[in-house]
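What follows is a set of structures to go through.
Each of the next two complexes has subunit A plus one other chain: subunit B in the first, subunit C in the second.
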Partner chain A sequence: MDSIMKDLNSPHSMGTTIIGVTYDGGVILGADSRTSTGLYVANRASDKITQLTDNVYLCRSGSAADSQLVSDYVRHFLHQHTIQLGQPATVKVAANLIRLLSYNNKNMLQAGLIVGGWDKYEGGKIYGVPLGGTIVEQPFAIGGSGSTYLYGFFDQEWKDGMTKDEAEKLVVKAVSLAIARDGASGGVVRTVIINSEGVTRNFYPGDKLPLWHEELPPQNSLLDILSSSSSPEPMVS
Partner chain B sequence: MVSSQSESGLLSSEGDSQRTQYPYVTGTSVIGIKYKDGILMAADMGGSYGSTIRYKSVERLKQVGKHSLLGASGEISDFQEILRYLDELILHDNMWDDGNSLGPKEVHNYLTRIMYNRRNKFDPLWNSLVLGGVKNGQKYLGSVSMIGVHFEDSHVATGFGNHLARPILREEWREDLSFEEGVKLLEKCMRNLLYRDRSAVNKLQIAKITEDGLTISQPYSLKTFWNFGAFQNPTVGAEGSW
Partner chain C sequence: MGVGFETVPFLTTFILLPKTSPLFPYSSGFFSQIFCESPTRLIDPQLVSSSLLPANLLILGVSYLKMPSETMDVPKTGFSFDLCRRNDMLAKKGLKSPSYLKTGTTIVGLIFENGVILGADTRATEGPIVADKNCEKIHYMAPNIYCCGAGTAADTEAVTDNISSQLKLHRYHTGRESRVVTALTLLKSHLFRYQGHVSAALVLGGVDVTGPHLHTIYPHGSTDTLPYATMGSGSLAAMAIFESEYREGLTRDEGVNLVTKAICSGIFNDLGSGSNVDVCVIEKGKKEYLRNHLTPNPRTYISSRGYTFSKKAEVLLTKITPLKELVEVVEVGGDAMEE
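Up next is the complex of A and B:
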């Protein structure tokens, strides 16, 4: 009972896997969908890729509350900025607003963020804003607890100048690999593709993801296996 | 205990009392030496996140105005903030339009004041800085720590560099080093750091500043040497040891 109460009162955190990748023409943002309170999965289908403007999106990790608030404030500031500017905000401006809030409140916030988008001046850009409020422009960025399992993967698989399909496949594969090993990541894989033509959202449910080591193809029931089995040993005593 | 936050602006937190923080993304050693024509500085391009080497292309050597070069170790976000302060300082200096420009000694003093005053508020900028430059033929090389300790010397280093690089420099540094000799000396120090500093990364930049101007090299990597006989079979005759 005590551990359940502890769970109910634990801060909502997004043990997460988030990824942002540039490709030849734009960016792909990807994330898992698990939000946990302690050991309980509070939301198994959350959307961690949040819109800041028509052309800039944000991947959120860390404290769910902190990252939501930061994104809300920045969305508000960017909206005003767009009105004053008379044209869409650039990815760099959005990333720097995120940085300002993260840096100036570094003692109180726990949010690891990836900003990605497309603007007409610089094309597709990805900016990482980790804990502390450092801003780092990168060809690709990974974050969240699941990202620890992906450093080696990306070191090997990342290539410059990928096509949109290659890049999206890479992102989905990566999030799926992280989900396989990180208890704090799970659910579905969501991707957002941003380029000069606009924004596309994709959804890859858990049962459609590839299987990795020691994972088995999902079945409806043991009974199906028994009835369809031609092998003599479906039940071993 | 709840802290009442009186936020006067949404983009800054002035009302609440902050205290010494923890660094998150950190850079390791910076080394600086005076040589015949000016100053040489070296730093690797690593940004560590605890024990993970998270970023491998962080530029930790930056130009400041016409005459100075700043290298930083420690929290990268605080370094980025210091660069913004310096940007403003140089901008205002240029706006005077009086033909004068801030030299390395002045910039070093400005940085010292910033670091020391933040330390007094128990809210330090978590960096160790190396500031070098040449103005009117005078070479200047100084360092400032996160608590405001500052000094000027012919060779300085931050972090691990203090323990691993400066002994080498004490033996081998001379007043009249040529550019080639200076670079070789820095590379010897950086290679040593690569062997012995866990947060070092094999991708570095070397910067040179002289009366004529400043250049920061392209990132490059150093060869390392592992072919010692003693490394081949270290436990022969003492199985189980290392």
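Up next is the complex of A and C:
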């Protein structure tokens, strides 16, 4: 009982796999949907891709509380900045605001973030802001506990100048591979595509993902048997 | 100079005299330090003045002596920390001090077709002891918003009361019904500011102009928005019920039954939860707080004789002194405020 109690009192963290990828014309952000407290899955359908502005989104990993609060603060600052500037904020500004909060509070925060968006000056851009508060502009970025299983995969599969569909397939494949191997990642795959036309959100339920080595095909829950009959039938040998 | 005077903290009052006062010629001398705690120094009412101040001000210092008592024990003012020494000594000997009251708890919430249903058990524990068999864990936040609390009982009470007051002030300020996301943001910022030390895990639910909402809030300040949620030590048992039987578009009765079933699962399978089931149904424009909706744990053995006290305690005299006397106020004439 005690170990379960300890788990339920653990800080809410997101094991996570988060990915941000640029393609020819925009960016695609992808994430899993598992939030855990210790060994218990607190939310199996969480949305880790949060909106900062109309054209900039943020993938969150690490402590759920820290990343939610950082994203709330930056959304507020970006809103003010947009009003003062008179035009949509650039991805670079958004990423730098994230970086300032992360770096200046590095001792107290535990949040690994990936900022991605599209603006008219630079097009689609991905910025990684990992734990210490560095800011790195990259053609693709991966983060979270599940990302360790994807470094080799991306080294091989990444190509410059992909189309939108190729890039989205890559992101979904990568997240599903990470979900297969990382215990702290799971649930569904959510993707957000940001380009000059706007923002598209997609949702891939867990049982529609491709199967990997030794994975069994999904089955309907055996609870259906129990609920269909009034009482469970006695075992017959 | 009496020996019988004990340590006397005393008051010094300073009176400012204008220049025209007849006492003015008495201003002289230096400002003397008259505070002391020594039992041997006797202080008579004295006149003390200061010449360090501008000439048009006379500071008249008068010190009052506490009445000496016959015996030597004039009690010291301030707090007495003698019992702290006793507690330390007992702790060293191995006595465990009572722990703070936690609500072991199973709390749940779900969204049904017309609104939100919240449910909670009613056991409050203090370590292994049940401190309260029928406590209320569904707290009022606003007429259209209620919040279930798990964790330290004091923390959940305090934080929900605090945010409920803030919401009321906000309602006066805006002239509108409170929204669930307002309560959510207030609670989450409060809890994040205290970095998890305010041990309150909450299930917040309500119906506002934008529709029904259900959120969970963790002690560190993170939140989740879900169609059905459970928190507390019994959350695993309750979530098992929800995961197998929840579907979208439940009717009110189905929803209440499901919530009751989930709480019962927590009550019977979790040691930290028990006693009765409280349910709260919130719909657009109305709410129903079903206190003790189900009482599956009645007291089984009740002595038919009732309680009797042994005859050894014989009543000799009964004297009842009320602590508050009802006093009659008579207006002598004129308005009391005119003074």
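What we mean here is this: the second predicted complex is superposed on the first by the 219 of 237 C-alpha atoms of A that agree within 3 Å, B and C clash if a C-alpha of one lies under 4 Å from a C-alpha of the other, contacts with A are read in each partner's own complex, and residues count from 1 in each chain.
Methods note: contacts are C-beta pairs under 8 Å (C-beta built on N, C-alpha and C of every residue); 3 or more make two chains touch, one makes a residue touch a chain.
Just so it is clear, the structure is predicted and the values come from calculations on it, not from any experiment.
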| When the two structures are overlaid on chain A, which partner does A:Tyr40 contact: first (subunit B), second (subunit C), both, or neither? | second
| query | So, A:Lys106: does it touch subunit B (first), subunit C (second), both, or neither? | reply | first
| request: Classify the contacts of A:Thr134 with the two partner chains as first (subunit B alone), second (subunit C alone), both, or neither. | output: first
| First (subunit B), second (subunit C), both or neither touched by A:Gln68 | second
| field | Contacts of A:Gln219 with subunit B and subunit C, given as first, second, both or neither | value | neither
| Intersection of subunit A residues contacting subunit B with those contacting subunit C? | 108
| note | Per the touch rule, the subunit A residues reaching subunit C in their complex are 1, 4-5, 8-9, 11-12, 35, 37, 40, 42-43, 45-46, 63-65, 68-69, 108, 223, 227
| request: Sort out for me which residues of subunit C touch subunit A in the complex. | output: 188-189, 191-192, 195-196, 199, 216, 218-224, 226, 232-233, 235-236, 244-245, 271-272
| Touch list for subunit A against partner subunit B, complex | 73, 99-101, 103-108, 128, 130-136, 138, 148, 151
| field | subunit B residues within the subunit A interface of the complex | value | 10-13, 16, 18-19, 21, 23-25, 47, 49, 52, 54-55, 57-58, 75-77, 80-81
